[in-house]
Amino acid sequence: MSLSKLLESWPAVRQLREGDPLGLGRAVQSPRSRTLVPRIDEAEHVVQSVCPFCAVGCGQLVYVSDGAITHIEGDPASPISRGRLCPKGQASKSYADSPLREYKVKYRRPYGTSWEELSLGDAMEMIADRIIRTRADSWEWKTEDGNPANRTMAIGNLGGATLDNEENYLIKKLMTALGVVQVENQARI
Amino acid sequence: MPSLGTSFGRGGATTFQQDLQNADCIVIMGSNMAENHPVGFQWVMEARERGAQVIHVDPRFTRTSAMATKHVPLRAGSDIAFLGGIANYILQNDLYFREYVEHYTNAPVIINDEFADTEDLDGLFSGWDPEEGEYSVESWMYDGMEIHGSAGQREQGFKPTKGEASGHGGHGGGLLHGEPPAEDRAMQHPRCVLQLLKRHYARYTPEFVAETCGCSVEDFVQVCETLVANSGRDRTSAFVYAVGWTQHTVGVQTIRSAAIIQQLLGNIGRPGGGIMALRGHASIQGSTDIPTLYNILPGYLPMPHTESYGDLDRYIEANTSPTGWWGHFRAYFVSLMKAYFGENANADNDFLFKSLPRIDDDNSAYWTVEQMLQGKVKGYIIAGENPAVGHANGKAHRLGLSRLEWLVVRDVVEIESASFWYDSPEVESGELEPEAIPTEIFFLPAATHTEKDGSFTNTQRLLQWHWQAVEPKEDCRSELWFYFHLGRLIKQKLADSEDERDKLIKALRWEYPTHSGIQEPDAEAVLQEISGQEIESGKFLSGYPELKDDGSTLCGCWIYSGCFKEGINQTARKKPHWEQDTYVADEWAWAWPDNRHLLYNRASADPDGKPWSERKRYVWWDAGEGKWTGLDSPDFEEDKPPSYVPPKDAKAEDAIAGDHPFVMQADGRSWLYVPQGLEDGPLPTHYEPHESPFGNRLYSQRANPRRQQNKDLAEDPYNPVADEPGADVYPYVVTTYRLTEHHTAGGMTRSVPYLAELQPQMFCEVHPDLARDVGLEHGGWATIYTSRSAIEARVMVTDRMRPVRMDGREVHQIGLPYHWGKRGLITGDSANDLAHMALDPNVHIQETKAFTCGIRPGRRPRGADLPRFVAELREQARSRLEASVAEPPMSGRTSRTPSAPGGRREEDPHVEPEEARKPAQ
Amino acid sequence: MSVVETKRPDGWESYGDAQKERVGFFTDTSVCIGCKACEVACKEWNLIPEDGRVWTGESYDHTSQLGANTWRHVAFVEQRKPLQALLEAPPAPGDRTAPSAAPGGDGSTALRWLMESDVCKHCTHAACLDVCPTGSLFRTEFGTVVVQQDICNGCGYCVPACPFGVLDKRHLPATTDPPPAILGRKEDGRVWKCTLCYDRLKGGHEPACAKACPTKSIQFGPLEELRERADARLAKLSAEGWNGAQLYGRDPEDGVGGFGAFFLLLDDPEVYGLPPDPVVTTRDLPEMWSNMLAAAGAMLAGVAALTLFGSRR
Amino acid sequence: MREELHPLSDVNGKPPGTTSWDGSITEAGTEMRSYYGRPVIKEPVWTWEIPAYFFTGGLAGASAVLSTAAKLTGNEPLSKRALYIGAVADLVSPALLISDLGRPERFHHMLRVVKITSPMNVGSWVLLVSGGASNTAAVLELLGRLKPVKLLAGAVSSLAGPLLATYTGVLIADTAVPVWHEGRRELPWIFGASAMASAGAAASVFLRPEDAGPARRLAVAGVLAEGALMQLMEVRLGKIGEVYRQGAAGKLSWAAKGLATGGAALLARRGKRSRAALVLGGAMVCAGEMCLRWAVFKAGLQSARDPKYVVEPQRERADRRGTKATTKPDA
């Protein structure tokens, strides 16, 4: 950069040249300020989503860059929320990126005193085995009164109100086929 | 909810949030909408700005009260008295909407002459069986109906519809034809519903309400006047409720009370009217529609009961209503079985009906905990729920979990239900030792909503699709992935099994396409199955009228049928509201049923099909076109004229007359009086909460006789109540609630820095007088205790908590948010540790909105001193009770049988049937 | 110096053709539900650090005040008085819709809970802007006042200059752009405040807080339009008998030339922690400069006199 | 970072002037409305370097003048010592200022603009000129070269010196801190007087009695003037002036008065003869001036911390004269 250019970029000089003698406005604007772009305008793509907290069902826009969420805000198109969000919904990105979020399977063996590592694949196999075993051990064809039962009362499944319809559908479908009747969720609470 | 279901035909909210802007008066009760549904509350504010009255009736002065034009403080748990008082005010002064009531409700219907009201039987309805502790409902029926005795029904292999199953309508009801056998259009017959109601509520005078609810007569009358003035042809009023109504032993009947008022005022099915149920979770409505609930199958089809041992035909017969849309029950059920089992389910094998698992009367979550405590449950999977904090009596839950063989917890953070074995209060107190807990625990990290495709059903029955934004990291997976691959693995492992019990799982249709590196199942493929297809052609169904009972269609949830019509994901429609013609915005997502936003909207027109008024037009009969038209999809057969009179032998929907808007009901009307479907009576009656410092002013029957109690469960002891000796150990009323800044049990928010800092600590809200009396210091600590446990909280002294006066006694109410637990960025004691597990009999929901407690200044005892402290107080209360039994009190009016071990008292009518049946006064 | 004689924001007109319509906030506390969505929306968008987890006992306010890490702050005030005063005249005859008495009018149990979302006022005559020695604080083309984080050197002068206590220095560890270790500072050390989402404005988006606000208590728009809206609102509330309704910072004649972000309050400003009659400190600067020159002259003369005259010993 | 301004244990005990649960302030019979007693304005974030700089800046500015004036009278020892003292103070001053910055590496941003509305910016330029000149003069003096340049530098620094010594009064007066802003008329004068006293006293420390006359007179006159001006300011400040009698500011005020008056008395009575008196008296006055600067600084912090100093005068003013800050419906 030539000296004159450098001098020209000096805000004290710009004060005089750019009609801002007090140095309160344009003359003192930094290059960064001049070229600022909101990061939602730089997102690679935007996904329309729905807030995961309460049942109002506010629309959300999820902005993504480099495979990571860069921002979440309200979706103005939603006739219910009209782009607005409450503090929880507004914190959705922080929720998804929580410092306490778990990313790995944790395993605690019977009578164990600490968590252990376990691969997801092994965990799935082990859980499947336990369901099969417990179900076999506890299967009830009949009730004490001799009525049909076709079930196991030794297994339960809890949760659903925070899940998708499709997920609830698979839960109920699978559990019913397994003879698990104690399927419950927060609707009860 | 069965309350809305039995009253109107469907359990969902009758209206949608945007429509609240059209209300002239909004009564928010049992809800703190501004705090817990802030964005939905914008529609209430819109109404307020247009001049609507906004009335908040609540024990606490909340952020909702601050925005209301009127706040009426109320004693926690006295809602039915207040609402009954409104009904009485309407009836005594003949202020009901006569034409609406006469044509659209069952007010003119004459009831069986064997029916006896609580007013006749001192707090019990006819049919009470003291041995079983249940009602038999024959005497509640419409006059002239053929009644199957409920015992008789069982012998025939079915149980009457109730609970969530009846959450979808008063189907059956024994009606063989759409019209009730006997009615009096003049509504003067002494046994017609209107006259029964009048008598039932006659004692709910403003003075009674004021005394019972702790409000002023003026406030109460003002609410009545405002509500009545803003209802009728030209004006409409809406009710808004949430778990402030449901979390009681009389929760269902409380909502029923509002349903009665709204029917009398003619506010159902009309713009600006209705009952808005506000659900707490993103898809709590969805998880009831496509249930993860023990007693129903998708679309509110009842799970087969162990006592329903007949064949498919019997099951169908028991659940089919000859009239109304439940007339097609077989088509709904068969299509579900086809979705579940594909070609393995066919007419020859009764669509595998006989292989389906059977339920008992109660296999609900709290019942399961009891079973856990007894060691009967071995394995448990928790996905997105935190019972260790979020369920009543957290300690019982944690102890239950510690007795499992294996436990799977799926969540985004390590919640208390996964960590109880090393950091629960019971570990701190020495009641649990990690080395002694046999439970094998798998914690699996879950994916968030941004990491998966899927649909939520919001509080207004709207299915909204959310698209995946990013891939879940490392081991994080959706529930869709988990359950799909779990099922796949189990099927694989059992593929060669010849065992009869594996027949059903082998028959399960479990093929879904997957995508991406982690083999995520395609959520849209699942939604397609839910929406339904013609099996032969693969054609997507456009709605439940297309379902067939011969096995030629499949549909995973009949009420959701059509959500993928024309092969388009209707739930993913996102047309901006400003590009749509009306505020209904029916091209945004998809509402069940059939994209209807305002249910029963035929009622927005008069019997002749004309709008009740210009101001309140919504759906009307266009005689020229010969069809129903308006702002919304009509909740009526489009071409059925108002003048339609069903022929004698008409079936299903054809049996519903043209002026009967409640198409799910067998008689096409809304039910002021519910002859069948509810466990605890055809009409709501004021009972005290299970734990209350007061007796019942109306009856010697103090609390709901039918409420569920855990009489033999040492882990769930109850406080002495009313004027029982020992009740003074727990003299205050406590109510739990949520804050805007946190979500339910806190697992989703205590882990978020920006939310943690906004409400960083557990606190209790107390009135200045209570603080002064007990010595609580603002900002200091208090210990709050019940028979179950004791917790500590920072003290917030505030006028917003008000004491109530009743029986010349002032009783303080204490407010407790329930968001805290042992984990997260902010930690604190859990309010739910204090709560008991006595439940509403219809829906098995706990009573966390009104129970009793004690409070004292300072922090709670630590370690082993905590259970000792709780036990000592319990002992103190019990010894007083026992002493009083040894030496009977002077007044015999309320003498009660001594308690069973554990300080629990028995005051059920079957213990003292004679006294319980004493006439009032 | 003419810093306070014009009604236009100082420095705004330097933009010439690039000047945009002056925008701001109208925060209407009569519809604020105290949900704090604005606080979180602001933090999420501006990537502001957490501000500590302190339970204050001050109603539901645990954020306490505006600062470097809180650019929107919701105040909560519990009062034993009715939201609306008893109306003098009874409701018009035939008006069956009005309640028989005004809300809370019975006096005995009257209670109101005021909530107000506070924010930087973006003053027409902004002391922080005037006193900033580096030009880090500047008037944007939208007429707002922004701290440029690539310029601010943390001198802290703007902190006590603001009559509202808006600006503060961030004492947290620096997250980006750390200073050379040789200079020893470990903290961020810069001053932060509301930018009225300068970057969003540049992209044509509404500021994050206003967008999130569920009841539109926070309204964003051209200032002139907001002022009209506010006047109408005040007239409506006053007709409805709302207790203590008043606009704060709406008048361009006030001590700071009017706020770019002004308020409708339901009680006097000090109840919300706001100064009742704020004045831009630099209004007195000309006087201060001349006074100082006199002092400097006197000092020069004094030293000279005392040195030149009198004995050497 | 936010803090628990009133530890709740204290609130419970309800000491005067703290919040009760409903946010009202209870203070011995009066009720001043505030938001839970929280400050309205922010306390300055400046640390110890700033009051220290007020002292060194003043010292440098006055010393420059003193040096030139002494040169004119031919008092070379005084002139040289004042020159060196001023130069050192001029070197220390920017170091202190930079050290106080949140981003010290960006100190040069101070010279990015020329802002007449910013006393700190103006001060930076003044310090640059004054310090540059005084150090040039001092270095040339040491080297004994370029005498015309040295003289010119000395002249420049002695013209800039009074500005340097007094602008700091404007610097703090140009804030919303009540006790500073309301003291705007006196503060530059007080700082000027204090600078005179410091320069005189500092020079005295290094002088033999026979050369110290002007320095002693300067110190004594400065102390007297400053004492009178402080008195005047406290009276004019009215109620808010009470912070000068309270807490740290109160203690420092007393120390300042005691040290400066004692030192001045010593210089006046014994300085003519005793070198020890010069050293001790000079040191005492300097210490006193340092305390004075700290007292003013602390008084500012204290008045910013308590909302009553902000609210009460403004409320009173608004009630008396009306305010345009609020627009009421009937207005």
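The chains carry the letters A, B, C and D, assigned in the order they are written, with residues numbered from 1 in each.
Here is the rule we use: a contact is a pair of C-beta atoms (placed from the backbone, for glycine too) under 8 Å apart; a residue touches a chain by one contact, two chains touch by 3 or more.
This is a predicted model, so every value here is computed, not measured.
Trainee: Count how many hops through touching chains it takes, at the least, to reach subunit C starting from subunit B.
Mentor: 1
Trainee: With contacts defined as at the top, give the pair, A-C or A-D, that has more of them.
Mentor: A-C
Trainee: Roughly how far is subunit A from subunit C, centre to centre by C-alpha average, rounded to an integer in Å?
Mentor: Distance between chain centres: 34 Å.
Trainee: Centre to centre, by mean C-alpha position, how many angstrom separate subunit A and subunit D?
Mentor: Subunit A and subunit D have C-alpha centres separated by 55 Å.
Trainee: Hey, how far is the Cα centre of subunit B from the one of subunit D, in Å?
Mentor: Those two chain centres are 69 Å apart.
Trainee: How many angstrom between the C-alpha centroids of subunit B and subunit A?
Mentor: Here the centre of subunit B sits 27 Å away from the centre of subunit A.
Trainee: Show the residues in subunit C shared as contacts by 2 or more other chains, in ascending order.
Mentor: Within subunit C, the residues that touch at least two other chains are 3, 35-37, 39-40, 44, 51-52, 54, 57, 59, 63, 78, 80, 130, 135-136, 151, 214, 216.
Trainee: Among the residues of subunit D, which ones contact at least 2 other chains?
Mentor: 8, 11, 21-22, 112-113, 115-117 - these are the residues of subunit D that touch more than one other chain.
Trainee: Would you mind listing the residues of subunit B that make contact with two or more other chains?
Mentor: Residue numbers touching two or more other chains: 38-39, 42, 740-741, 753-755, 758, 778-779, 796, 798-799, 825.
Trainee: Contact residues on subunit A for subunit B in the complex?
Mentor: Going by the criterion above, the answer is residues 47-60, 62, 64, 67-69, 72, 75-82, 84-89, 91-92, 94-96, 98-115, 118, 120, 123-132, 134-139, 141, 143, 145, 147-151, 153-174, 176-189.
Trainee: With touch defined as at the start, can you tell me which subunit D residues reach subunit C in the complex?
Mentor: 1-5, 8, 11, 19, 21-23, 33-36, 38-46, 62, 65-66, 69-70, 72-73, 75, 78, 100-107, 109-110, 112-113, 115-121, 123-124, 158-159, 161-163, 165-167, 169-171, 173-177, 180-181, 184-185, 188-189, 191-193, 195-196, 199-200, 209-214, 217-218, 221, 225, 272, 300, 304, 307, 310-311, 314-315, 317-318, 323-330
Trainee: Contact residues on subunit A for subunit C in the complex?
Mentor: Result: residues 11, 18-20, 22-30, 32-33, 36-41, 71-74, 83-87, 89-91, 93-94 of subunit A touch subunit C.
Trainee: Given the complex with subunit A, which residues does subunit C contribute to the contact?
Mentor: Against subunit A, subunit C makes touches at 3, 10-16, 18, 35-37, 39-41, 44-45, 129-130, 135-136, 138-141, 146, 148-151, 197-200, 202-203, 205, 208, 211-214, 216.
Trainee: In the complex of these two chains, what residues of subunit C are touching subunit D?
Mentor: Touch list, subunit C to subunit D: 1, 3, 51-52, 54, 56-59, 63-65, 67, 69-70, 75, 77-80, 127, 130-136, 151-157, 159-172, 179-180, 183-185, 187-191, 234-235, 237-238, 245-251, 253-255, 265, 268-278, 281-282, 284-285, 287-289, 291-292, 295-300, 302-304, 306-308, 310-313.
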